[in-house]
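The structure appears right after this line, and notes come after that.
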Amino acid sequence: MKTLVVNPYLPIPARCTKIVSQTELEKLFRFEFLGKTIQENFDYLPGQFLELSIPGFGEAPFSITSTPTKKEYFEFCVRKVGTVTGALHDLKEGKKVGIRGPFGNGFPLNDLKGRDIIVIAGGLGLVPLRSLINYILDKRDKFGALKILYGTKQPKELLFRDELKAWEERKDVELLITVDAVPEGQEWSGNVGVVTTLIPKVEMHKDYTAVICGPPIMYKFVLRKLDGKLREDLIFLSLERRMRCGIGKCGHCAIGPKYTCLDGPVFSYEEIKNLQGAI
Amino acid sequence: MPLIKKQKIPLLVDKMLKKFDVIGPVPKDEKYVFSKVSRGEEVFLGYDTSILPPKKIFFPQEETLITFKKDEQLEFKPALEDGTPSKTDGDRKFVIFGVHACDIHAILTLDKQFMEVYPDPYYISKRARSLIIGVSCREPKETCFCGIMGTYTVEKGFDLFLEQIDEDEFYVIVGSDEGRKLLSAYPDFFEASTEETLEKLRKVLKEKDEKFADSVSITGLPTLLEQEFDSVNGEIWEELGEKCLGCGTCCLVCPTCFCFNVVDKVELSGKEGLTKRVWDSCLLADFAVIAGGFNFRPTQTSRIRYRIYHKLKYELERGGILGCVGCGRCNIACPAGIKMQDVIKKIKGE
Amino acid sequence: MKMKQSIAIDHFTRVEGHGRLFLELEDGEAKNVQLSIFEGPRLFEAFLKGRKYDEVPPLVSRICGICSASHILTGLETVENAMDIQVSDQTRLLRELLDIGEIVQSNVLHACFLALPDYLGAPSAIALADNHKELVKTSLELKDLGNNIARIVGGRAVHPITTKIGGFSKIPSKNSLEALENSFKNLKDRALNLVEVFGSLKYPDFERETDYVALKGDKKYEFLDAPLASSKEGILELSKYKEYIEEYTPPYSNSKACKRNGKGFMAGALSRMNLNHDLIDDEVKSLVERTGIEFPNKNPYLISFAQIIEVAHLIKRGIEILEELKNTELKPEKNSFKIKEGEGIAVTEAPRGALLHHYKFDDKGIVEYANIITPTCMNNRNIEEDIIAYTPQLQGKTEEEITFELHKLIRAYDPCISCSTHTLQIDLKSK
Amino acid sequence: MIFLVSDKGKLKVAILGLTCCGGCQLEILNLEPVLLDLVEVIELVNFPEAQSENKDGPYDVAFVEGSVTTREEIERIKNIRKESKFLVALGTCACYGGVQSIRNFGDVEEARKQVYDDDGSHIDALPATGLDEHVNVDYYMRGCPVDRSEIVDVLTSLLIGKTPEPKHYSVCVECKLAEYACLLNEGKLCMGPVTNAGCKARCPAVSVPCDGCRGPYDQANLESFIEILKEKKISVEDILRKFRMYTSWAPQYRNLKVI
């Protein structure tokens, strides 16, 4: 893992090159570091995150949603919830922000290579998983089966619709989508129900590796459904905590003795099963 | 190994002031604080404890990390010098004179936190310029529990350590090459020790074990805590949670707490500003709130329990050093009268 | 046929608080003048009852943000009178310093920021900065100095904190006093220069004899420690204030007004100057003499000039005090006293004039009775009388011009409206 | 949006007052060192206390000090709200009602009648409340008086298009950061542990216990606090009086049970 700068707090400027609206609350942002060599040397793993700073507004961690196989840019998909995300949503193409990272461990590619994989995503949880999915698809022969379960609250919250369609059409991917409910005025002909209702619909053997990301309350239910079906050391969860530094100093993201930013954000179920306050 | 007479210490400090900045315990409002001194006699070695620990010297309450400019170009610059004791003197070294053993232990845990994995240049810039001269405590204070934590003596983490062996005599223990150099730089102030003084030293140290050591010890504590988290005896936490005011002062005065928040500040012009860090506390209600308002530690009970686990268990698991050094500052500061040693005793069932 | 005309100024600007003026003219003569203050009533005297003696100074401080220190100092003195508490010279000196801070701040705020724009033809001091940048800067620095005194001695610019019964909770550090002394010295020449600036303004030509009421010093120009006096009757005995100050509530106002012998009277900088001009610092005095304006003086517009003379005088007095403090060893004091039943009255000079507090305490130190007369209430009647006397001089002017002139006259008094609306005195007997 | 200053010109500001001591507006005038810089980036559209040419809204930001105490003021604050994009309750009076709301605990109408007898009928005295009993408030700038640095912070925030962030912790935090000795632990009734931070612990700084002028912070543990005070042998009357100083009309304090 390479860090970009010696002073781990020092952001370096990057330019926003493309903004695509995803839903009412989420936008996809494409960035490029200003210096060509910096961009070319920028390497990361799916599941890692960057600290993005908008001067005056502050800094926030975001998962990289692009895949490291694309060298020319990197992408975030961000939900507007507060100060930094609000300012980011106001950003125009061509404007600059500061970037630090990459931080965190990322998904365990070594444990994934050659294996059959099930990806379970809830809401915004698809953002880091998209990086992994596209990585797998770009190196398709290195991985086994790929099954994707994805749920959102309502149809209009579905992210990356074009890509979902493309994945759906692939023979080497099984994609199941569900929504919690279909409010009036929205169209939907697919599954209705929380994401856990999709689990019994896919076939899995005990050696499947699961990769899960979603809102805090989702983990409990998904794990309960997977209990006994899969090996605990092969279930991986990407967790979110409050973060102020991203480098294990500020203390905010601690889960018991673990720091989400250093030891995570990706943990195996085995690792955190008995960790107080983890799930 | 040498000896120093009590009355010579202010003179030594005066002399040191020519070459170093000196920071030591000085009286303030009937309490003590670590502060830069301009005369040797300001250093008050007989202090009980300071309101804030010497940690603030390496890791100030508020510290600018980055300055930024946003005109044509967006530019970020590190602000390293800010907050160092000798802002104007560039890399002048400074001596922290009169650090207690427990606080030296605490500095060692901070060193681990700030100097390993992503070394923190802000901490290091000040830490690397500091010399630490420790001083012993003669009596344990009611609020201290270094006896329980085993921190009333210290073997490393200082350049010199003054162990008081008599009303007016200190035995000087050398802890580093820098310390040795100090001794030879100021030969006039030190005397050679005799067999008699060594005898005194041994006696003092032995008496200390008797005076300070507590019948309660921390052995087995992490395992006990493991069981205590949600167990039937969880009432301990409920009780503490009801009492705790969530004022956060226990963390703010703690010599090993290191949590901070990061905030931006902009000039009126809107074109310049800075990013700074400010001490934070895991006992404040929104410490673990994430976007959307979800709070991972939603109750005061969960927050105070986390703090105690962090100090007595998690820190040990992470770095092999306990997160509490028994300095007693949180006991003194807590307006609710919550005392760490009482909690330890309760968990241990004593 | 008679010409009837009525003028209403609906909302005063550049005065503190909310007030309006209603005026009926008949052939240019003022027939009906109503200075009404519609700032909401605050009922201080009512809720002070039942409070403890040591809560009185911080609570009364909230009567007025501009003269908060005066209210505190008067409150302290009243409590100390009631309980026979003596304070040290050190406390006295520091209190005087704090008071200087307030008078300087408030006088500069009024004279330079609220009144001066009228004379230099600008809508505000901020607009004044376009053509008179240096003047505005000096004023800002002087005001800042006044506030800094309060910050250093009182712990905060508005509503000082350190001021406790019997003494100060915290003594300012040597370093901070030294810094203060430097700023005093830096600003001295510019403060003296302001006397010349204000001495050369063209004040409206209007004079009216009235009764001037203020503290009258003996050896020193006093704000805190001297008897109350009237230009007509000499020294007034404080304990009998109800006999010579009559408070009443005009039916059109939320504020009380005062009269003496059935007539209005004036409090404030001009009254002080009229009674104490011979006690002004010599250097300042000779500057004043050079302007050709003489005291006592009957022109109410000269209140602003008197304020500036006081500022210059107080800058010099401040330097004296700071030098004295430099040579004394300042120590924290613990003044112990016994709480007892008693009654106290005190009067001091707030920036806008005499300020009187009167309380009764029971044996536990709980307030049983409170009465406060603020300078603005004292002046309300006098302003109306001035307007009546002045309007004939305005004959032939347009309504707009008359409005401007009257606004200017009211502003000259520097009425502090929040201060006056606390005073709806209530004898709240809990039933 | 980012750096509004350069993008959109000056921020239109109104500074207005209802019933209070005027001290919070004065704290704006007390910004001497930055006042002239400030007027470079904001336009004071309406500021009757300091200028004579004033215009009605719309305003980007209105700072309103003072409590609402008369029917006329209720109308005024409603109008101001309509005209302002962002409404700041300036100071403790505007946030909670201030000292004059102490009277709310008695019968206000009765009090008025007693004093004025027959000719007091023109005086309108309602219970004194904060602005938010009548309109929505976007930012509460607490303090009696406000801290002038917060005024600048809020303005700079708004200038760059950022919603100012309130603090969610108590005065004790700032007291300890500044390394003041704890007065509560010396047995004095310090309101620090339950009071909103933001004043940099002005009062403890000069050895005076916090009077709670910034009101209760949102997670204040009042039950435990009162228990602690009683353990320190502070009388119930003294405790109650302390809660009835500046922010007695705060929802958490209005019906506070001390016994």
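The letters A, B, C and D name the chains in turn, as written, and every chain counts its residues from 1.
Quick note on the criterion: contacts are C-beta pairs under 8 Å (C-beta built on N, C-alpha and C of every residue); 3 or more make two chains touch, one makes a residue touch a chain.
Keep in mind that this is a model prediction, so the values were computed, not measured.
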{"item": "By count of C-beta pairs in contact, the leading pair of chains", "value": "C-D"}
{"item": "Chain separated most widely from chain D, comparing mean CA positions", "value": "A"}
{"item": "Centroid spacing, where centroids are CA-atom means, of chain B and chain D in whole angstrom", "value": "37"}
{"item": "Mean-CA-position distance for chain C and chain B (Å)", "value": "51"}
{"item": "Rounded Å distance between chain C and chain D, as computed from the means of their C-alpha atoms", "value": "25"}
{"item": "Centre-to-centre distance between chain D and chain A (centres being mean Cα positions), rounded to whole Å", "value": "43"}
{"item": "Residues of chain C touching at least two other chains", "value": "none"}
{"item": "Sequence positions of chain B contacting 2 or more other chains", "value": "70, 266, 270"}
{"item": "For chain D, residues that touch 2 or more chains besides their own", "value": "2-3, 160, 207"}
{"item": "Which pairs of chains touch, using the document's own definition", "value": "A-B, A-D, B-D, C-D"}
{"item": "In the complex, chain B residues that touch chain D", "value": "28-31, 33, 51-52, 56, 61-62, 70, 242-249, 252-253, 265-271, 278-279, 281, 284-286, 300, 332-333, 335-337"}
{"item": "Complex contact set, residues of chain D against chain B", "value": "2-6, 34, 37-38, 40-41, 152-153, 155-157, 159-160, 168-170, 172-173, 175-182, 184-185, 190, 192-194, 207, 218-221, 223-225, 227-228, 231"}
{"item": "Chain B to chain A touching residues, read off their complex", "value": "65-66, 68, 70, 73-78, 113-114, 117-118, 120-122, 229, 258-264, 266, 270, 273, 275, 277, 280, 282, 287-292, 294, 296-297, 302, 306, 309-310, 313-315, 317-318"}
{"item": "Residues of chain C touching chain D in the complex", "value": "11-18, 38-44, 46-47, 51-52, 55, 58-59, 62-66, 68, 109, 113-114, 117, 123-127, 129, 136, 140-141, 143-144, 147, 155-159, 161-162, 164, 169-170, 249, 251-252, 254, 407, 416, 418-419, 421, 424-430"}
{"item": "Sites on chain A touched by chain D in the complex", "value": "54-57, 83, 86-87, 90-91, 95"}
